[in-house]
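In the part that follows, the structures are each spelled out as structure tokens.
The following pair of complexes shares a single chain, subunit A, combined with subunit B in the former and subunit C in the latter.
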Partner chain A sequence: MRAWSWIRAYSVAVYLFMFAPVAVVLLLAFNSSQFSGFPIEGFSLRWFRRLFENEAIMRAFETSITLGLLTSVCATTLGILASLALVRYRFPGKDWITTLLISPVLVPETVLAVGLLIFLRYLSMPRSFLLLLLGHSIIALPFVVLVVQARLVGIRRDYEEAARSLGAGPFETFLQITLPLLLPAVFAGALFAFTISFDNITATIFWRPAGVETVPTQIFGMLRNSVSPEINALGFVMIVVTVGLPLTAGGLARYFARRRQ
Partner chain B sequence: MARVELQSVTKSFGQITAVKKADVVFEEGSFTTLLGPSGCGKTTILRMIAGLEAPSAGDILIGGRRINDLPIHKRNLGLVFQNYALFPHKTIGQNIAFGLKYRGVPKAEARDKVRQALEIVRLPGVEDRYPTQLSGGQQQRIALARAIVIEPDVLLLDEPLSALDANLREEMRVELKSIQHRIGVTSIFVTHDQSEALAMSDRIVVMSAGEVQQEGAPEEVYNTPATEFVARFLGAANLFDARVTAADDRLVELETAAFGRLTLPRDRAARLGDAGPARLVVRAEKLALSEAAAPPGTVSAAATVAAVDYQGQLARYFLQIGDSQAQAIQMIDGRPYPEGAEVTVSLRPEDCTALPPASPDGESGPTGR
Partner chain C sequence: MAQAREQDLRPWYLLSPALAAIALLVVVPMSFILVYSFYENIDLGLDRPAFQFGNWHELLTDSYYHVAIWKTLRLSVIVTVLAALMGYVPAYFIAFTRFHHKWLLLLLLIIPFWISFIIRTLSWIHIMGNEGVINALLLWLGVIDQPLHMMYNEFAVVVGFIHVFLPYMILNVYVSLEGIDRNLEPAARTLGCTPWQAFLEVTLPLSLPGLAAGCLLVFVLTAGSYVTPLILGGPDDFLFGNLIYDAVMSELNWPMGATLSFTLLVLLGLVVVVYSRFMRLNQLTKAFG
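Let's turn to the complex of A and B:
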């Protein structure tokens, strides 16, 4: 009994320690004080107002969202195609290709970042937004592949074979049968890809062209001068985007699934 | 509707040969069953006809046309799977209309056809439901409706009843057969259930280990098995060692240890030579038990009842006849013979079949059930 209450207390402490910083950011975002820190002097939305007036931050937001959406589209498309190949077809070197596709998760991001830069130098190409998109897609791809593959394995081939026998060509079969059945995984993968891109800082610092800032690199830049309360508001927005988006999507998916029954 | 023909079709998966040089003709409008134990290559044959697997060698003809290289979606076949494979994200109506879309059937006409198909399978008015809202038997009817609504040249059914429970299975078997009869589509049905095969088929193709063992009408396959495997696989059969002692064009005389000499009509021993060893096949229900002397026109032997399996109106007896064991199935009037009873078993020679003994290399196969 005693051992269990110890474990419980310990777990609570660990979780508190982990989530306290998040709570602090969320709280301080509404603090009216000039200085980022406790005590909380009063409730105010002024830091949010300041945030929306800050052009650099708004530009960074725009970049991040564009980049996130594009990454999501690229990684999801590639991920679906790769999963189809890996699950539905047999070809030599399949295991190697699987490992290769998953490897960006395993390789330290710094190594990946430097690697891609050196490769570009070798091709004598400058850093560009396209490179950033390419890089983010590589980082997000494994997650999409893992999620989509898991779902695809569970979709029996009977469905596709039935569709084919009824007269649907291979592409029609994909559009009519495979893709709709895959959709939950496609959504999950796309969300993953978006949040991974939106959150990424390590690789982005290496890859971004001069003058381009994403939200994380912008925050990083601002922190070097001082911890402005604006950053708390920005943190609040980021948490809402990266946590709220998947939660909302999940809730919507459940809602529609229930209506179907 | 069309005739389907396999011309020495072989299919290998790496080292495994799933189908060996199969030559089979499925007549136009007939209901043919591919029967055999698990893994004998039934599904593989069906999938090759459907275009889901390519034959390693040989040709497949549908309606006289070689279709080896025709992709699945251009073959116009109806496919019914063991697990129904109804599209879970489409309504029943959309499921059935799926194939019509690719045949350029206008919307209104498609709706009519869907309604007709649902009437044929006796499930009218379920167009707007989803597959999960139907029972297993109902789902299988929808799968059938989806396959027949496109008016396929051939209907291919891979163990369509095996996922249903016993009562429903027997009901569906009658219904499936009557639907097939009504629309007259050439049907190829796969099963490992011999009673299903006997009940439904115009013709049965018995397979074992990738090879066709026998092909014929149900009674033909049942009464005159061509190989020991077929004898054992369909129904309960007894096999006794025998020797040909005399033979001509009309009659074959055999000597057996258990029953002495008996004479069979030639057509019951068509595959036997004029001398040498043979196997006498006697169906369990053709062995008659009695306490009195054997009736005239039969051969008989003394036997001991070793065990009784009482099944209500029937009893299955396990008998010891001299050195050999045998099974007998009999209707019971009164009480079954008890264990240890001394009885006379008799059989009519014209109910038996004689085969050459199985070659040592193959055909030992699984034993009968």
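Let's turn to the complex of A and C:
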């Protein structure tokens, strides 16, 4: 199979293309040189120390994390309710409603951002943190709906019907049966919403109030001059958080699932 | 009987918060974009409600805007075609490999979605910049004695876009390859097809929905962005989105910003409509399953 080994080599090359640049950032974060690029002069943690002493970056981190958590609460709440309706009920116009729920993805983010700003301008309201929160939630909503819907389809209704026939009320059934079964979906949706908000830059640049920076817009601002070595250290921290967290969560979930069996 | 015919309102209660949010934050603002495109810009950040076609006239007659539309279209097509060429083979590999840890390959496809977009974009400065890996290596080897200039041009922008959007392509193609009946290709082979023929006449046509969905996503995402050219491009590398950014954020010309935004919305909307004539939109959602 010569063709197959070509396919394999090609795929390895593409994976390298996807990960080599990221690996370089991770590597350069520990470079002691005062310039951000090559050559590597030695191992040092000084840029991490500088990073944690940089108040602007720390404030941006705080903003991003707060915004991400609040966004994931809003988007997940709306998304779960909507997904329940889509999966559990039959009603006229369902396809149309689904398209509408997915529509924020189909609108280019730049246009979405400008549209919301113009609406706000019409209402004579200034940019605010609330705008960022609502905006991020609406951007994350379609993804939450897609992820949660995919998980919900797998939950059998028999359990709920059994609980109902054993005398549980609808609310009790939801709390005791549906919600625990739903939790992985809730968790997946919330995590997705958090990463979307934490990563967003396109719309955030338009929406942020004067003086408020999220981590991506802070990096964007810092790039105006040149790539400072602190950015590499910041990149390292961000990658460890946004990749490490879901991986650990997923790994733990698997571990516990296996132990229970 | 009467009760059975009465409509069940429960799904609408569940849907109402999400639908209200979308109406208020997406649908209404989109109509305001259209309204604002007829307003008149008087001065920096100052505009007057009006119904006039000045902004639209400027858009249709000023070649500056036409160049931007052309550039955006050209660049988006280049990125989409290259992403399809680069993405199809790995998707095929993941779908048909007998490798035991296939989940690992899939996980590695998901991980880029978790890594910050701006970090992934700027990482190319470390690869292709003057102090980047390639120049450092070539200088060290003595192949060159001056760093090569590979950054801040259209090439760097294309590479940056492909790098960020490639996982969408691979994932979509993979999903549709995965759904193909495994007996079809061997069947074609026993009927006398060469492996290449079997691929061209059986597998490729069956994977087209995924490929089309991937292409649509990459095209629309590329054509709608403005951040990548700002980070990786030079002064001449701007997309239509950059004009919107300049109009709204620098010139504070809201009516023109609205006109440009509406144009981008309609142009990309047309692409989606053409796509949905041939493919079902829900192909796009399959990759999340």
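One rule holds in what follows: the second predicted complex is superposed on the first by the 258 of 261 C-alpha atoms of A that agree within 3 Å, B and C clash if a C-alpha of one lies under 4 Å from a C-alpha of the other, contacts with A are read in each partner's own complex, and residues count from 1 in each chain.
The definition used in the following text is that a residue touches a chain if its C-beta (ideal position, glycine included) is under 8 Å from a C-beta of that chain, and two chains touch if they have at least 3 such contacts.
Computed from a predicted structure; not experimentally measured.
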{"item": "Partner with the higher number of touched subunit A residues, subunit C or subunit B", "value": "C"}
{"item": "Contacts of A:Ile219 with subunit B and subunit C, given as first, second, both or neither", "value": "second"}
{"item": "Partner chain in contact with A:Arg156 - subunit B first, subunit C second, else both or neither", "value": "first"}
{"item": "Which of subunit B and subunit C A:Ser165 touches, first, second, both or neither", "value": "first"}
{"item": "Touched partner set for A:Ile177, first subunit B, second subunit C, both or neither", "value": "first"}
{"item": "Which superposed partner A:Thr77 touches (first subunit B, second subunit C, both, neither)", "value": "second"}
{"item": "Residue ranges of subunit A touching subunit C (in the complex, touch as defined)", "value": "3, 7-8, 10-11, 14-15, 17-22, 24-25, 28, 35-39, 77-79, 81-82, 84-86, 88-89, 91, 97-104, 106-112, 114-119, 121-122, 134-135, 137-138, 141, 143, 145-147, 150, 195, 198-199, 201-202, 205-206, 215-216, 219-220, 223, 227, 231-232, 235, 238-239, 242-243, 246"}
{"item": "Residues on subunit A engaged by subunit B in the complex (per definition of touch)", "value": "156, 158-159, 161-169, 172, 176-177, 180-181, 260"}
{"item": "Touching residues (chain side subunit C, partner subunit A) in the complex", "value": "7-8, 10-12, 14-15, 17-19, 21-22, 25-26, 28-30, 32-33, 36, 86-87, 89-90, 92-94, 97, 108, 111-120, 122-127, 129-133, 135-136, 140, 163, 166-167, 170, 195-196, 220, 223-227, 230-231, 241, 244-245, 248-249, 254, 257-258, 261-262, 264-265, 268-269, 272, 281-282, 284-285, 288-289"}
{"item": "Residues on subunit B engaged by subunit A in the complex (per definition of touch)", "value": "50-52, 71-79, 81, 83, 85, 87-89, 98-99, 101-103, 130, 146-147, 150"}
